[in-house]
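Labels for the chains are A, B and C, by order of writing; each one numbers its residues from 1.
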Amino acid sequence: GGARFGVLYDSTTGAADELALHNRFTLNIDAATETDSGIEFFARVRVRGGNSGTAGITNSGVSAPRVGMSVGGVEVAVGNIKGALEETPGLYDGAVGLTGLGDLNVVATGNWDSFSSAGAGVNGVEVLYSAGAFGAHLSHSPVSDLTALNASYAFGDWTVAAAYQDDAAAGSANDTWLVTAGGSLGNFGLGAAYGDTDGNAKFRVNGSAALGAGTKVTAFVADDESAAETIWGLGFTHSLGGAVLAGGVVADGTGENQADLGVRFSF
Amino acid sequence: GGARFGVLYDSTTGAADELALHNRFTLNIDAATETDSGIEFFARVRVRGGNSGTAGITNSGVSAPRVGMSVGGVEVAVGNIKGALEETPGLYDGAVGLTGLGDLNVVATGNWDSFSSAGAGVNGVEVLYSAGAFGAHLSHSPVSDLTALNASYAFGDWTVAAAYQDDAAAGSANDTWLVTAGGSLGNFGLGAAYGDTDGNAKFRVNGSAALGAGTKVTAFVADDESAAETIWGLGFTHSLGGAVLAGGVVADGTGENQADLGVRFSF
Amino acid sequence: GGARFGVLYDSTTGAADELALHNRFTLNIDAATETDSGIEFFARVRVRGGNSGTAGITNSGVSAPRVGMSVGGVEVAVGNIKGALEETPGLYDGAVGLTGLGDLNVVATGNWDSFSSAGAGVNGVEVLYSAGAFGAHLSHSPVSDLTALNASYAFGDWTVAAAYQDDAAAGSANDTWLVTAGGSLGNFGLGAAYGDTDGNAKFRVNGSAALGAGTKVTAFVADDESAAETIWGLGFTHSLGGAVLAGGVVADGTGENQADLGVRFSF
């Protein structure tokens, strides 16, 4: 598990809080057993809590379970699935700040299935496959009516990936395809992604640089066809030797800024 | 704790799902301490989650606690009690499938108190007594207004039990009495039960056979006075050496079928 | 963590239950990590459940997190804070019974911030400082608009403390100041406290005596300016060598009595 705390800033007029106290706690409860024949059966629920600012303060919750089995390079899981679009390698590359600051670096702009940290999830089924440098992930939920597939290939320090999602729900428009590429050159990281969600295109490039011992700077620029302004983000992390000081600032598609600063740690 | 996952089938017209993904997670959090004089004080809450199909998907919950003490053969507990009717030995004999498939093998047809796995329970009090082959259990809840008693006796591989429940709630009709008997003859198991709930009689016979290494087949037939059709069930379990493959099929009192198939494991 | 169970009594006409079954379960989930430079980062959530009587029976819950850091004698935390008024040394002195019986010994009569055991808390920030015999605690919540400060000093077996709370919420009247003093003389304990909440004065004196091995009797008398009757309480605890038998009786400000009896234990 892990935890984080800090301060959020939002320049948006009418935001719930211009400055907000932020905190979050995550504890994964993992259970697993292995049969004599080498099949691993596993189950996970997550205890997740935390609040930001003054609106909608809540207690913690325990997620619906993700239960499944893995053998060789194949994993099958049902319940609170991770979702194939969500898990596309490189999708979250370029993330900045303590909290991700709205994940504006992600090039998909609709809805997709993902593991719900304190909620019900989508009671779906998914298959994950990996073989050496190749990985693939197929997911489907009868609750969300979303079906998604991603595939990725890693060569040396670089990874390319592609994903497609079909939305079968009536009146819903989350059909998405996207591609990502990213990797590293010594102390520098580079990435790019392009996505199309029901005809709305979004593009992102990102880069990072390691500065001396334990400090890293990350930045991204993104263009969302439906947004009035160019989106960008700039952030840093600094190792405290057992915890990480992190902060960042972004400009969203309306030209407003969000920023955060705080500490996160694992346990 | 334990977990399970698989697929459910229901032939009923208008069922929420004809085929449903199923998963469940259970983690008991047990705490206990023993005094110098040998009294054990204990407390349990249960973390329980899981979903079936597409309707009413929810996150996991933590049960109300069951707290009590035990000394010698006597256990006293309050809160989220187990309930004496629910705990009658042999009541669930003949259970089939991954999930129990509606527990149609149980001969009580009203409501009774039982430990709520993710809910509030009935804030009752209960006393359990065991001495050698004899066991007894008395429970009462001021919330449900149910009072129940069971008594059982084991001789060799056979156990007989009887239970009675009084329902003191106004306008409620869960007065129940029942008897059970069951045991084993080498690789074969046999059982029978008869219950009367507010005048409605239900009868069940059940049998099982161990087939080779790790495989077991179980069947039951039941007649519920208020049901149009004879109830039956057939199921199997097969050991995977650390997990269990289980499946079954039942016919309910309206002649419809439910079936399931999946894996369960403990941790 | 810990648990307790027993019976509550309330003489009040129209009380939900004259006699009520009571039980409670508490499990703290604490996580911490220490950096190379000696800063400790910590997070806590609490699993809390329990019910009393027949009204409002609920399952257990997981609290919002309290997350923070400590270094030297300074601790900073955000989220589900403890609250400086709540944490004033001596505030709860004179507590009687298994459950505290309404905490009538506390001389503050308004609202204040405190760690919510199964709820959301007030998403605040607090700083705790201790240096030898001196301690101080400052807390603020933008949710409750309460700001509180306490300071305390211990000399030998005696401690004195003072606290002040400012209520900045519109239409709310929880401005409070209070002082406490308490300590011990061999087998005897003594204490006194005075508080003023928005002009309403409350005074309390309390004493305790250790009787033989493992038995202690505690009593308090309190006068609340807004109450019709003098408030008093009398209780005992008796060690069971690993658990504690506790009971008490109080008279509240309307002259009604509440009493309890039961066992509590830690794990």
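In this text, contacts are C-beta pairs under 8 Å (C-beta built on N, C-alpha and C of every residue); 3 or more make two chains touch, one makes a residue touch a chain.
Worth saying up front: this structure is predicted, and the values here are computed from it rather than measured.
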item: Fitting chain B to chain C on CA atoms, where both chains share a sequence, rotation angle to nearest 5 degrees; value: 120
item: Shared interface numbering between chain B and chain A [over half = same, under half = different]; value: different
item: Chain A and chain B, separation of their C-alpha mean positions in angstrom; value: 41
item: Contacts with 2+ other chains: residues of chain B; value: 61-62
item: Chain C residues within the chain B interface of the complex; value: 1, 3-5, 17, 21-25, 27, 47, 49-54, 57-62, 240-243, 263, 265-267
item: Contact footprint of chain A on chain C as seen in their complex; value: 29, 31-37, 39, 41, 43, 45, 61-69, 78-79, 116, 118-125, 142-143
